[in-house]
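The chains carry the letters A, B, C and D, assigned in the order they are written, with residues numbered from 1 in each.
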C-alpha cells in the first residue's frame, strides 16, 4: 500500500513468522482462566519466546517513541494472525493504547516507572474509564463521568465505580480517569497512574462474556478512597478528556489491525478446509455457494486493509482522526463479522467447534462490534458531522 | 393463527407459566458441565418440577401418540422461552425427535421398553446418524453411510464411526443407524434401539462448541462390534433411510419452534433494557437506531410464527414436508440470527455478557444455522426442485 | 392457506387464466403515455375483455359489498401476474381502495352516482390526500393537512394543494380530503366526492417517476375555490381522518397482493430463463450462484403469502389492522425488492431491458418501498407501539 | 490518497467546476432520444463548452498518451458528478476504453485516422465484442466468440452477430472483434477499426433499458459480409483476446470512477434534502433512521475511493489487474447500489421522481451491477483463483 520503513517491514515479517511458527501451536494449550481467557502464566511463557525472537512490543520503545501508525498496522495485523499473538507480542488491548498514551503524555519519571515494565512485557495494565449505565455513569459518553477526584494535600482521593475495565483483574498498572472535584479544573477530568492491585479498588464482578481473548476479562469494580500521590497524575489536571481523545483513535484502530489479522487467518483456515473436503460430488470450494463466500471474504479483507491504511495515514498526518477512526471502526468491524460468519458457515459443523480459531474469531468480532463504540454510536456522530458540514457550506455560500 | 384444540392451548399456557416462573430463575444456576451445558443433575431437578406442574413431555404420550404439529408448535415455542425450558419439559432435541420416531415406527414392546422412560423424562437419548467427513462418511448426505450392520444369528453386529452425536454422552437410549451389509437389504439402512452406555461405543471426543444448551454436547465416537439383538431393530430391515425421512421434518421444525421461543424472550429482554436505559439524552428505545432494530425483530418474529405454522400444517396434512421444512428452516434460522444479533446490539456491553440469555441465544442460533442442514444445502436442494418443476411443466405443455 | 369460499377460489382461477392468456400478450403493446404508463384507450380495451370474461372488478359489487380480505388476496394476487392485470380487472390502486371506501362510507345515492361507474370499470378515480412537504402540508403525517374546506350555504369551498395524487390526470371521480375550517368540526377533516375534471383543480405537474404502471401518473395540483354540493360529502363532517384509517389498511394490503403477483411472475420468467440458458459450461440454474437466488425467491414468496394472509385475517376479524398492515407492508415490500433484484441479476443483460416485465417489476417495487409509508415510518410507529406495550405491562405489574 | 501530478490535480478541479457550474443545469434539458438517453445534438453542444473550458478529453491525448490511472481516477470521478458530465468531457464509456485501447495498440496511422476524432470529441465509438447467448455466442465468456473474420485478398470479411453494443447507434468509429477463421491464427481473435455506419452492419434492435445515460443505447445487430481493409486491423492478427484484456481493467475501473462521482452527487442531494425538510417534528437528518443512512453512505463512498485508488495503483504498476479490477468492480458496484438506494429512500416520494438525478443514479447503478461482468461472474473467477493459490501453496510446501 504505502511506503513503510524497511525496519517496520522487516519487523512485520519477523512477527508473522513468529506467530505462525511459535504461537499458533499454543492455540491448543489448555491453560485458560475460568472466563476462557489465557492465564497470565501462559502469557508470560509466550512473551519469553517473543523476547528471544526480538518481536516483543515490536512497535513501541521504552521512552514512548513508536512506529508510525501505518507501520504499526503492518506489524499489528501480523501479530493478530493468532488470537494469542497480540498477547505474546505485547500488542494487545488495552496495553497497547495505554503504552501509547503514557508515551505521549507521561513525564520521563512516570515513563520510567510505569511505561518501562509494560514495554518490557513484564506487566499488564488497565484503563479505568467507562462507568455503569445503571449508576448513571459514563458509558459511551465520557462527559457523564461520575467517578471523582479531590485533592487532599499531596494526594488525590478518588471515589466511584467503573465497568467493562478490560484486564483490571491481574493488571499491575492502572490508568484511572476521574472527573475533577476541584474549583480550578471542574468540568474537566484527571488521569492517574496507579500501582495495582490496590485495596481501594474492589473488583465486584468479572462477568463471563462472548469473547475470551483478554486476560482478566472485563471487570466491574468500586473505587473507594483510592489515594494517589499528586506526582502520579498523568499530564496536567483537567486535561483528562483531551488525553482520552489522544488515546482514542490509535487504540480503536489497533483493534481493527489485530482483528483483521485474526480474520485473515480464519479465512486461510476456511480456504484450506474448503479445498480439502468433498461434499455432494465435488470439492467444497467448487460449490459456488462456498466459493462465493470465500471470494467475498477476499474482497472484504482488501477493503479492511485499505480502510486501516487510510485512517492510519490520517493519524500519521497529525490529525486526531476521530471521524476517520469512527468510519474505519464501523467499516472494518462489520466486514470482519461477515468474514468470520462466512468462515464458520463454510466449515459447517467443524466451524462451530473449538477445533480451530474460526469459532473464537466469530465470538471475538461479535464483541468488537460493541466495544470502542457500537456501530450505531459512530453513525450517530457521523450524521451529526454531515449536518454540521452542510451548515458550514450554507453559511459559506450565504457569506 | 389456526385452530388448535382447547387442551393444547391450555397446555401451551401452562408451559409458558411454568417456564417463566419456575425455570427462568434456574438460568443463573451454576451447574454446568465443562462444555457449558447444564448437568444431568440440574436437568433431573427441573424435570421433577415439570412433572409436578403437569408439563413434562407435554406433547407426546407413552404410547407414542402426540399432539398435531400445529399444537406442538404452540407448546414448544413456549417451552423455549428459556434455553432451560426444553430440558425441563422434555421437549428438547434430540429426544423430542427420537420419541416421535419410536412412537411412529416402534413395536409395542419396543415402545414400552425404550419410549416409556423417555416420555417419563427419566432418560436421555441420542440419534447416531451423521459420520465424520474426513472418514468419507455421511455428513449432510445420509446416502454415504459407512457404518455397517451385519447379521450374526439372532444378533446384528455394527461397526463404524459417528460424529456430532448430540447428547450421546450420558444418554441411556440410542438409535443407531447403519448401512445394511446383507444381500436382501443392501443399499438400505437399518435402525436399532440400544441401551447406553455400551462398551462397544467409545466416545473419542466431545469438542467444545459455540452452543452450550445440550447436555452431553456433540460427541465423536467409534462403534466396534456393537452387538444388538434382532428384536431391537426399529421397524423393518432396509427401511432406515425412509424412517430418517419420517423423523426429519418434525425434528427440524421443532428446532424452529424452540429457538423462536428463545428469541421471543431475548427480544423481551432487549425491549425491557431499551425502555429503561438512557443514553445521549433519551431513553434508548426512543433512539430510532435502537427502536428500528426492535421493530424489525417484531416483524421477523411474526414471519417465523407464520412459517412454522404453515409448515406444521403441511405436516399435519400427512405430507413428509421435506421441501417445506427446508424452506422453514432457512427462513426461521436466518431470521432468528438477525433477531438475536439485534438484541445483543441493543444491549451494548451487557449484550455480550452472560448476565442475560441474550448472549447465549446469539451463540445457539449461530450453531442452529449449521445443524439440521446449513442454509446452503437447503437452497441447493430447493434449486434442484425448482428445476424439476420447470421440466415437468415443460413436459406437460409438450405432452 | 385458509378457507376461502368456492366462489372466490373459482374467481381467482378465472382471473389467473384471463391474465395469463389474454393480458400478458398486451405487455408488448406500445400504447403508453409520455410517462410510460398505459393509455386509457389501452385500459378500456382490456377492460372490455375482462367484462366479457367475467373478471372485471372481481371482488367488489356495485352496492359496495365485497369479498373478505383473504378472498380478495386470492384474487388480487392473480390479477397482479401482469402489471397490466390490475388495470384490466379493475383491481388497481387507487381505484380499488377508493371503491372500498365509498362502499363502506357512502350513502346509497352517492354509491349509485360515484361507485357504480367505478365498479363497472367505466371510470378511473383519485384520492386527494397527500400534500407537498415544501408547502408544509401533510406528507406521511395526515394530521398536518393544510387544504381546507369551508361551508358556504349548500356548498363547501375547498382550497389547497396536493401532491403525488395517483391517477388524478384522466380520473372522472375524485375523493378530496380537506381539514375543516368550521367551528363544530375544527381539528377534523371532511371528504368529498367530486366529478372530474373540474376547472378549480389545476394539475401543475406530473413528474416522470421510476414506476410506470399507473395511468395518470402521480400529479401535483392546486385546488382553488373548488365548490362541492353538501350532498356530495362522503360520510359525516369531521370524520375524514377516521375514514382515511378505514381505507388505509386494506388499500395498503392490496398493494402487497398485486405486487406479490407481479413478482411471482417475474420469478417464473427468471426460472424459465435460468433453465434454458447455458453459461460457463452448464445450465444457468445449475450454477449455485443462480440457483440459490431462485431458491431464496421461493422462500420469500412463501413468506409474503403468509404475511398477506395473516394481515388479511386480522382485517376480516374486524380490526383496523393498522399495526399489522404496517408490518405486512414492510416485510412484503422489502422481500419483493429482493425477489425483483434477484430476477434482474439472474437474467443478466436481458434483465435490465424491457424485453420482459422483470425490469419493470424492479422499478415498480422500488417505488412501492416509498409509497403508502416508507419502511422507516412504519418501523418508527412500530417502535412507538413496542414502548407503549412495555409501559402497559409495567403498569399492569405495578397495579 | 496518493500522489498525483499537479497537472492532474488542477485538471480534476477544473473538471469539477465545469461539471457543477456548466453541465448540471443541462440535467433538466429535455433533449432525449426515445430510449431516454441524451441526443447527440445535446452531447455536441456540451462538448463545445467543454472544449472552451479546457476540459474535453482531459486524460487522453491525440497520440494515445494519457494520465496514470490514479490521475485518471481523480479526473473521472469529478466528470461523473453529473450523469451528463462524462458525455460533456468525453470521459464516457465505451469511448474512454476505446481511446485507451487504440492508444495502446494502434499504429500511428490508425491513431491519426481513428483516435484523433475521438479524442477531439467529434465522434462517438462502439466496441463490438459481446454476442447473443441465444445464438450460442460470447456473452460473459469471450472465448465462445462465434463472429468470424476470414481473409480475402487485402481485405477481411466479417460475419456474425453482436448484442449489447453500447453506443453503436450513432457511432462513427467501431472496433469489431471476431474469431479468426485463418489457419495460422485459429483459436485467436482479431480486432478491426471500421468507419460507421456501414451497410453490412444492421442494427436489429435497441431495446429500452433501465439505464438511460448512454447515447445510442445498447444495440443488437447483425454483421453480414463486412469488408475491412487489412490495414485497418488493430494490432496483430490472433491477438484480439490479449488486446481485450488490455482494455478490460482500465475500462472496468473507469465505470467505477464515473459512477462514484454520480453517487457522491446523489448523496449531496440527499443530504441537502434531509437538512432542509421537516417530518414528525424534526429535521429529517435528525431522525436517526435518516441520519444513519447518510452516515453509511459516507463510509461507503470512502471505501469506494480507496478500492478505486488501490486498483488504479495496481494498473499503474504495469499489471493487467484482472483480479484486482474484478474485486474493485464487485465492491464498488454493490456499494454504489446501497448508496443510491439510501438516497432514494431518504428523499421519499421525491426520490422516485426525475426531479433530481437520484432516481437516474439508482437505475444506472442497477445496470452497472450487470455489465462489465455481473457480481457472480467475478466471484466465480475469484473463487477459482483462491483455489489455484491454495494449490500452489501446497505444491510449494511439498516441493
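By definition in this document, a residue touches a chain if its C-beta (ideal position, glycine included) is under 8 Å from a C-beta of that chain, and two chains touch if they have at least 3 such contacts.
Chain by chain, the UniProt names read as follows: A, B, C, D = Acyl-CoA dehydrogenase.
Bear in mind the structure is a predicted one, so any value in this text is a computation, not a measurement.
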Pair sharing more residue contacts (C-beta pairs) when A-C is set against B-C: B-C
Over-half contact-pair match to A-B, picked out of the listed pairs A-D, C-D or B-D: C-D
Chain B (Acyl-CoA dehydrogenase) and chain C (Acyl-CoA dehydrogenase): spacing of chain centres that average the CA atoms, whole Å: 42
Euclidean distance of C-alpha centroids - chain A (Acyl-CoA dehydrogenase) vs chain C (Acyl-CoA dehydrogenase), Å: 52
Chain A (Acyl-CoA dehydrogenase) residues counted as touching two or more neighbouring chains: 287-290, 292, 376, 379-380
Residue numbers on chain D (Acyl-CoA dehydrogenase) that touch chain C (Acyl-CoA dehydrogenase), as the complex places them: 130, 133-134, 136, 139-141, 163-164, 207-211, 218, 277-280, 287, 289-290, 344-345, 348-349, 351-355, 359, 362-363, 366-367, 369-371, 374-377, 379-380
Chain C (Acyl-CoA dehydrogenase) contact footprint on chain B (Acyl-CoA dehydrogenase) (complex, rising order): 1-2, 271-272, 275, 283, 285-286, 288, 290-292, 294-296, 298-299, 302-303, 306-307, 310, 327, 330-331, 376, 378-380, 382-384, 386-387, 390-391
Footprint of chain C (Acyl-CoA dehydrogenase) on chain A (Acyl-CoA dehydrogenase) - complex, ascending: 287-289, 292
